[in-house]
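Letters A, B, C and D mark the chains in the order given here, with residues in each chain numbered from 1 onward.
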Amino acid sequence: MYFTYERPEFDAGDPKEIRRVIEEAYVNGKEAAKNGKAADYIPELAKADPEDFGICVKSLDGETIAFGEVEKRFSIQSISKVINLAAALKYLGFRETFSHVHMEPSGDAFNSILKLDTVSDLPFNPMINAGAIQVMSMLSNFMDFEDLMEFARAFCMDEEITLNEAVYRSEAETGDRNRAIVYLLKSKGVLQGDPDKTLDLYFKMCSLNVNAKTLANMGLLLSNKGQNPFTGKYIIHPGYIRTIRSLMFTCGMYDESGEYGVLVGVPSKSGVGGGIAASVSGRLGIGTYGPALNRKGNSVGGIAALQHMSHLLQLNVFG
Amino acid sequence: MYFTYERPEFDAGDPKEIRRVIEEAYVNGKEAAKNGKAADYIPELAKADPEDFGICVKSLDGETIAFGEVEKRFSIQSISKVINLAAALKYLGFRETFSHVHMEPSGDAFNSILKLDTVSDLPFNPMINAGAIQVMSMLSNFMDFEDLMEFARAFCMDEEITLNEAVYRSEAETGDRNRAIVYLLKSKGVLQGDPDKTLDLYFKMCSLNVNAKTLANMGLLLSNKGQNPFTGKYIIHPGYIRTIRSLMFTCGMYDESGEYGVLVGVPSKSGVGGGIAASVSGRLGIGTYGPALNRKGNSVGGIAALQHMSHLLQLNVFG
Amino acid sequence: MYFTYERPEFDAGDPKEIRRVIEEAYVNGKEAAKNGKAADYIPELAKADPEDFGICVKSLDGETIAFGEVEKRFSIQSISKVINLAAALKYLGFRETFSHVHMEPSGDAFNSILKLDTVSDLPFNPMINAGAIQVMSMLSNFMDFEDLMEFARAFCMDEEITLNEAVYRSEAETGDRNRAIVYLLKSKGVLQGDPDKTLDLYFKMCSLNVNAKTLANMGLLLSNKGQNPFTGKYIIHPGYIRTIRSLMFTCGMYDESGEYGVLVGVPSKSGVGGGIAASVSGRLGIGTYGPALNRKGNSVGGIAALQHMSHLLQLNVFG
Amino acid sequence: MYFTYERPEFDAGDPKEIRRVIEEAYVNGKEAAKNGKAADYIPELAKADPEDFGICVKSLDGETIAFGEVEKRFSIQSISKVINLAAALKYLGFRETFSHVHMEPSGDAFNSILKLDTVSDLPFNPMINAGAIQVMSMLSNFMDFEDLMEFARAFCMDEEITLNEAVYRSEAETGDRNRAIVYLLKSKGVLQGDPDKTLDLYFKMCSLNVNAKTLANMGLLLSNKGQNPFTGKYIIHPGYIRTIRSLMFTCGMYDESGEYGVLVGVPSKSGVGGGIAASVSGRLGIGTYGPALNRKGNSVGGIAALQHMSHLLQLNVFG
């Protein structure tokens, strides 16, 4: 059964109520997951249990509410695009980064090369494969995987992030479409780094092992203007946060971003590994894990849970 | 000269400072307008004076700050798409409306038919021509122009909105691309009304005479959850506001929406007549008029002014 | 059962053998037709009997060999595009005609508007809808339907061609995609005539009542350099024949033209009414009727029959 | 000055007249070449002298007429696609070959990947890069470069064909778009061989050193049903010739094939090295060399010369 939204007496400020809403979101997400199926384009992803579901909510005042599979590690996949973009903004700056990639939603699938070959030589945005590969080509000139991993750990406030070797090998073996993209970018003279090194780093970053807690942490950092709320350290300059969150909003959920923006209204990024990281500014970081995906490649359970929370906890950035 | 953003001592809460920022935004916009030119796809629009620029900011507590050409009337053009969508949501509901049009940014130009003919039979969103025509086909079955005009006046809190007959005739005479769109929709069996009536209403709504004040009012209503702050009357149910504002954010500035979202970060809708309506939730409605357009069809002056205000008055919805 | 091609002793010059091959072609075509189905995009076409099949072969020396349904009238549909092109060449000349339409195969479906909106403002060739409509817009300025009908009768050496009123009404009622095309051409400023008049003439020409004999006659005229072999009168200047036949070869069988060119190798034009007209230079005109179509819109029986004849009678223009 | 076509007294059978026409074609081609420029996408090609022009005509009865630069060697480029296709037909057969590549003109540029990513997983035809790479992937499983070179020498009746090492290196270094194509094909699961080996062979075959005589020989072999007229040996089965010539006609001149078919009407294949090979069935093989290209990538001089000869010597396959 699904919990519904009509709840006139609901007090969004009451901690008990909040906890109950998150539990309901978990139940809804777990139920909804039955309508999706795990990604199968690489063998490693197909091994995921589509019934797994977990949700972790962290608040800026240090509280954590979690239900279900929040410890199980899975590959971060496209959510790493946020980390790549953050690294580019931090180390290269806004102007340099966006002189090599646009900021527009493409309206096409995440792995599309259509626009790249017809409309524009530069990828449409850093949240689609072509754009993330382009971003990585810039980073590849002065960062190696150790540097990127270190940044990822800081950005996700999770020192236990490791490389999932099996997923990485699987990605590298089956990543021919991304290989096509990198050479298409190179043929247009826009790629900023070596194709092989770029791809290798891109595949590795897609293969980081995270869990729902990691993603909640990432959301929390973004909700706290780039500052680690526990150490007080700024991982990335606050001025870049709006850029990242805005691009998550317009482009973060593949070609379902517009609808998700209406129904959930929280800057989020999903990955085909089953994760979603969401950032509720000044309040929460949310991570969900549910490898059962819908047709657009987004976690069915994650969307259901986030929609429930958004309505009842009034998280929608547009009211 | 342009005013810049480094202003460490700035107090965003001081009324004098706010007024000065808006005046600077006006000066910046007026200056930036020199880099654009008026639309010329219909003769009536080409008559506009590209040096005109005006800005009107209205707050929920009743204050109005205005500079420049805020009284001059011009045709609303694509900003009417917001009114059409609002009318559809009000009279048909969310479910019915979005069973005939999607909610995704298209990544294509506002008048593109590419995706309509390759990806999806339904238009991508109500903010591009195909989507707005589709929305109008639904409305055309039970509303005539008088009804729509009445709704527009209420939605913009401006009883002086009239039909610009010259623009309307010009639109109808040169609207062959929109005519192609309506017949393409009909050929796919998705159009909901009579093609001629639909187009006639669509053209008329594009030809409404508004000014910067009207657009500020529209923004204000959206910032006040659909309620007229002066009469207390709800023009549209609060529950629909997030949908409208979210679609303005992801799709409202043509194929510049993503970049505008990053640089300005306020739900806005522009028209090739030179107007922009922006909504700062719980705070402001903003209208600008500057017929000098950039390559994407957005008012150069309007964007410059809104970017200035967004930075200094911290209007960006993503922080 | 199908007749096969291995026939080492076959004498392609023996009249009895020729007659037998044509009969076999008829049997093959009739059999193959079971794998297709009648067009259903307009109700009138759906009424056709998919089991109907007929073939008529006419030689320049006056002989006619016919089997099956060669008297039954059906609508000419896209085959009229050849007549329209011939009329344009005759009355406007090569240079004027091809300053408004290209000569390239499009690789897209016959009713596609993709290239029209992305690659080129002019339609790719006169054998797709957009190109034929464009050709008709030129003709519409100085020819009315009576003139076109008269030309069609002369070009097909068939005085009994009439307008199929039911098909015409059906076309006009359901022709929204063609309506979209005509307005798209107008919006690009390339259409040469009035949209309504153009479409009306285009629909009427698609609705001409012909039979397999008519189409054989058309093929014969093209095989005789534009000269009526019975009266000696030139219906169209011989210099235009190579243009028409070449475009039939590269573009005449919709997006199956390349494969048909390899397998049959005879300049031909098909229509969704079930007809195919083929021209074997200096030798034969062939008309087939078989309303059972394949996925590309070509008559299944017609292709099977023509392939059989092409192989055994050595009709392939490329040896 | 150009020679024109009005020549009522002309006797196409008189050897002196024929020689004069070919000389005129040479003069026309040399003159026309001034309107083109050499390919510059790889440095080696840009070194060609755009004023070079040569024409070689060989008849089945052993006569050769040649003017201008017919000895100078240049890289065969896309004309090797004909050799690749011939090898595939010879060694794999029609059915196997065309179960991995279509036979349709694409309407797109030779290096387009648009259709590959939107319409069909298989390349449209063997005359565009994607299709030729696909053909090479089949051959790569049992032929190495020595085998292919040997076949090319036999097919072109030219034992002096060698690999142009400089061009090959240049191709390999700058061939990123072709690299993108091979990985796109692999990602769709349709590529039949190893990507690296496939590309290496494809680049090498593009880098064969030929001259106008070589191309005339290739045309002659195709005009003689695959038989070497001097040795009597069949290099490829006669049954495959119509397939090759038909695809040269519909797809051989890039996205200018349709217009070339109308204006010249002879199955031909061009390469960006400046060559054109043409086959006049049962009569002639023609090779031209003129590195000054038009916008579509075809030799300006070659087209002018072939058009002149086609008109006066009545070479047009469609009369």
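Operating definition for what follows: a residue touches a chain if its C-beta (ideal position, glycine included) is under 8 Å from a C-beta of that chain, and two chains touch if they have at least 3 such contacts.
In this text the structure is predicted, and so the values were computed from the model without any measurement.
Where touching is counted per the definition, subunit A and subunit D have no chain in common. Comparing the residue numbers each copy contributes, subunit A and subunit B share more than half of them at their mutual interface. In whole angstrom, the spacing between the mean C-alpha positions of subunit A and subunit B is 31. Subunit B and subunit D have Cα centroids lying 55 Å from one another. Subunit B and subunit C have Cα centroids separated by 49 Å. With touch defined as above, residues shared between interfaces to two or more other chains in subunit D number as follows: 118.
Under the touch rule stated earlier, the contacting chain pairs are A-B, A-D, B-C, C-D.
Subunit B makes touch with subunit A in their complex at residues 102-108, 115, 119, 124-125, 225, 238, 241-243, 245-247, 249-251, 255-259, 261-262, 265, 267, 281-282, 316-319.
Considering their complex, residues 112-114, 117-118, 176-177, 179-181, 183-184, 186-187, 195 of subunit C touch subunit B.
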